[in-house]
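The same subunit A turns up in both complexes below, where it pairs with subunit B and then with subunit C.
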Partner chain A sequence: MNIRNNYLFSKGINLLVLALLITLPVVLNQYQQYVLNMVLIYIIIGLSFNLLVGYAGQFSFAHPAFLGIGAYSSCLMVLHLGIPFWLALPICGLITAMFGLMIGLPALRISSFYLGMVTVAFNELIVWIFLHWDSVTKGAMGLKVPKPFIGGFTFSTDKQIYCIILAVTLFCVLSIRNILRSKFGRAFVAIRDSEIAASTLSINLIKYKIFVFMLSAFYVGIAGGLYGISVGIIIPEAFGLSPVLIYFAIIIIGGLGSFTGTILSSIIITLLPEFLRGFVALQEILFGVLLVVFIVFLPQGIHGLLLKMNFIKQESFSQE
Partner chain B sequence: MVFFRTENIGISFGGLNALSNISLGVEEGEIHGLIGPNGSGKTTFFNVISAIYAPRTGKVIFLEKDITRLKPYEVSALGMARTFQKSELFGGMNVLENVMTGFHKNADSNLLGISFRTRKYRETDKALKEEAFELLTFVGMKDYETANTTDLPFGKQRLVELGRCLATKPKFLLLDEPVAGMNPTEAVMLSEIIYRIRKEMKITILIIEHTIDFILSISDRISVLNYGEMIAQGTPSEIKENRKVINIYLGKSE
Partner chain C sequence: MFLLQLLISGLANGCIYATVALGAVLIYRASGVLNFGHGELFMVGAFFGYIFRVTYQCSYLVSLLFAMILGGILGILLDKIVFRPISRYSPIIIVMATVAVGFALKGFARLRWGKDFYPFPPILRSMPIQIGNILLIPQDIAVIVVSVVLMVILLVFFQYARLGKMMRSTSQNQLGATLVGINVKRIFSYSWALGAAVGAAAGVLIAPITSLYPDMGGKMMVKAFAAMVVGGFGSIQGAITGGMLMGVIENLVGGYLSTSIMDISSFLFIIIILIIKPEGLFGVRTFKKV
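And then the complex of A and B:
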């Protein structure tokens, strides 16, 4: 079909973006490279947060804690158990998913507002543990993250770490997209749009609400592992409640339940503060203004805008 | 074997009896009509048998199994599907994907296969998509495959909902006022679809409907509810002659 050629993120453009991502490190300085690493990590966080909130219509303020659990657990596995990073990363995803299960369980009994409260409490509890379990987490001093290595090769510079982050991000982005386009994605949207109809189509609401929490936590845990190696030292403060506002900003500005929108807004939201380094006060104001503008004028976010301009297609929940 | 029956179903909301002592049997292969004035408890009855409400008294038996205390998804897995009076389509998905959601139970659920889009998964998924398209063709909605469900007129939404129900491969189909929102041509088309569902798919059907001509022409047997009580049961010609029904439902003839 011809019309499809107009769409942003068609196959050709995807390849172009990939080529760009592979060649970019050549021209970036060390600091810019670090920022690019963060952009990719935020793309994973943004997508997994949108998976839960935007696609499945559930709530969570506990995602910073999930990120922290991923970061600490992967680092501790490498430090104390001698597990290599490439193995510790998926395991830390699974560990975080188990915590997702713990949070998903109350989601069945309580409605969104109270669930929000429970997740806030959970987040605070986890940060408290990070802070006070000195013997393991080194408390407020922070935990130094060992550089990952495969065989004899150590990934020590930001550019080398970028290789790991890029590969993992590609996996996360593609697998989230594939899951959304399967029966799982359809079940999540079904639960969001009409619980009652979903339940009469053999969809077990309880199972899928828990599952989406676990899935979202899994990816954030992975992002946490990457976050650890890219910042080099993890401190409890980084996983307090304030980052959750950024996560919400990402999915609102990108568009709730939007894939391309989330990727674009993750990039924008991560880069924005970097462009405003000189004006810290302005940063916060601009951030707030941006959020309000989007909520009032573009409730569907970048996604809605691109859709109107015919740059992207409707979200798809089946294989092309 | 009794295909489906309820025994003395009773349910009340805040002291008000919405249904009392409803016993109704549906035989395999029949089209059974359920009529009654507004507020007579028809939809409540549907909600009880599809396990959305738990009744205060009585039992629901489907395929010789007591399903009274099951969850809606379990009842659905046993082979009961229903439509809703107000359309309950998933607005975030297009028409075809709505129908595909109905395949939930039978779709490939290998998470790793899905994540990596293995060939096996792609093939089973493609087959599913084709099957969904066939169902859309069956309900006369194939031209709307990629349409947004929220953009469709109400009558067309009902057809999509019907297609989505059929995707669950039910043995027993409950239709809650399927003609609502349809013009006369669409209603005629729907009655043909309903006959074909019974004939080609061997599905037993229970219909709630307000359009009296529609229900009299399509049903093998009809049950009449009024104020939560069963006041008559019988063939369409018996119901037409029943004085109680004429008085209460069709209005006094004098």
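And then the complex of A and C:
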């Protein structure tokens, strides 16, 4: 019997990873803990971006802006409206989803390169608003994010924040996985493979395209809320176009339309630049060259590589 | 007159936008790749110019020429190494590849030139000329003249030269071009070379006006895109008029409304025009057949 197909084995792996994630903070120092928090946040971003690009075949340069909208809106809700963080987090997801709708609507009329242009412009516009809406966002000074609290307990250290991030990440990963296995996930893949074929199968293109943009933005918005409390201060520059390279790298190196691959590459891509901390130039070269090498030589990414080594099962929705 | 003053400096900016857009259009038309890393080709070209102008003390026109040659070689290399092998992939993946190439170029430039700003010696070292109430800055005039000459050369090249005609026919119908014996792959290489060379020329053109730094490409790329969108996609004349129009409008907005709105006018242009009229302001609507 093949060990890969063993139900108990795969469940066992999942439980092992969960146990590892719960116990890891015991041995990590403060810096390593911060990096681990970032890894989890990038897993959410990577999965939601792959949901849009790898599964539904849509495109967006605006995900850094979505992250920023999530971070700013959750922080502002806590600061000015006095909404507790646990409630602000889903609301900021919904707010970001509304912005996802704003990108999803033009995506009905335009595609690929044109959509790329619109989303580039949208991203720059949002960053400009962050930068110039001084009275609310404090402009280039940045906004200090208050520590989240539940009842009387304040989550002040990185390890305490990790509890929140881990719980939310688990929720996001599981819910994205379930959505992909549902009617919606199959519809997204059908649209990616052929819009015309999908519409002849009575898949409502308008509904599903808008929905996938909103869904992707929702998760990135939540990741933005977590990013805010984890970093502590949010500045407009963090949401410019540069992080887009990292998101691209995550989904290409993981494999378009691959769940396991995205999680693995999120971990790798978040950890790699930590070795090049402070060397922006080297990071840019590393990611740029890595991305080109993967696109040209290994377009199926880690997922394809693991498949070749007979290490994992073929995922049903991965792109050829 | 304030208005005329704005028009002239807007035209100078517009010439640069038009030249950058022209490079992107050349690549887009021939190979069907919209280069999201075109801003970085522009930036690298400016630094190529800087090397010849400042390090080797060449004259301005000679550095422009060398920058264009080096830019062209870079374009051919990019085509051969990166974009040729993936030409059959979906546009999404190609876009990601262009972004990756752009970032890698930016990274290499940052490695060498770091965080500083590099001033480029002016083309003409003379005082502004006063004609009536208008103050003509020689720099602006030089930029307009050089870029207009460049555009005329390109237009003539595409209208009359054999290679230019071959490039045009390839962009119209690849299969047809192959059938009449045009080496389409070679034409792609030439288009990348030409596009990158024109991008580099734009970099050297703007160099004396602003100083050089590795991040200078990003904003310029968005402005070139706006020019392409205004001018209707993929036509050379469209890119030129679109670029000029963008430069002038931007300056008028900056002069009469506010300078902070001037910064985002190109973003707004792209978003509004592409949503309302996806084929571009002067473009022709095309239909996709199944």
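Following the convention adopted for this analysis, the second predicted complex is superposed on the first by the 298 of 320 C-alpha atoms of A that agree within 3 Å, B and C clash if a C-alpha of one lies under 4 Å from a C-alpha of the other, contacts with A are read in each partner's own complex, and residues count from 1 in each chain.
Following the convention adopted for this analysis, contacts are C-beta pairs under 8 Å (C-beta built on N, C-alpha and C of every residue); 3 or more make two chains touch, one makes a residue touch a chain.
If you're wondering where the values come from, they're calculated on a predicted model, not measured in any experiment.
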Practice task
Quick one: classify A:Phe311 as touching subunit B (first), subunit C (second), both or neither.
Solution key: neither
Problem - subunit B versus subunit C as contact partner of A:Gly116, first or second or both or neither - result: second
Practice task
Applying the touch criterion given at the start, work out whether A:Ile196 contacts subunit B, subunit C, both or neither, answering first, second, both or neither.
Solution key: both
Fill in the blank from the handout: Comparing subunit B and subunit C in the superposed model, the one touching more of subunit A is C
Exercise for the section: Have a look at where A:Phe149 lands relative to subunit B and subunit C in the superposition and call it first, second, both or neither. Expected result: neither
Exercise for the section: Considering only the touch criterion stated at the top, classify A:Gln283 as touching first (subunit B), second (subunit C), both, or neither. Expected result: second
Exercise for the section: Pick one for A:Gly257: touches subunit B only (first), subunit C only (second), both, or neither. Expected result: first
Practice task
Please work out whether A:Leu125 is in contact with subunit B alone, subunit C alone, both, or neither, and reply first, second, both or neither.
Solution key: second
Exercise for the section: Return the residues of subunit A at which the contacts from subunit B and from subunit C coincide. Expected result: 196
Handout entry: Residues on subunit C engaged by subunit A in the complex (per definition of touch)
Key = 28, 34, 36, 81-82, 85-86, 89-93, 95-97, 99-108, 110-111, 114, 214, 218, 222, 225-226, 229, 260, 263-264, 266-268, 270-271, 274-275, 278, 290
Practice task
Within their complex, state which residues of subunit A touch subunit C.
Solution key: 53, 57, 59, 105-106, 109-114, 116-118, 120-122, 124-125, 128, 132, 196, 241-242, 244-245, 248-249, 252, 256, 280-289, 291-292, 295-296, 299
Problem - subunit A contact footprint on subunit B (complex, rising order) - result: 50, 52, 71-73, 75-77, 81-82, 84, 88-94, 96-97, 100-105, 107-109, 111, 114-117, 121-122, 125-126, 129, 146, 148, 164, 167-168
Problem - Touching residues (chain side subunit A, partner subunit B) in the complex - result: 174-175, 178-179, 182-184, 186-187, 189-190, 192-194, 196-205, 257, 314-319
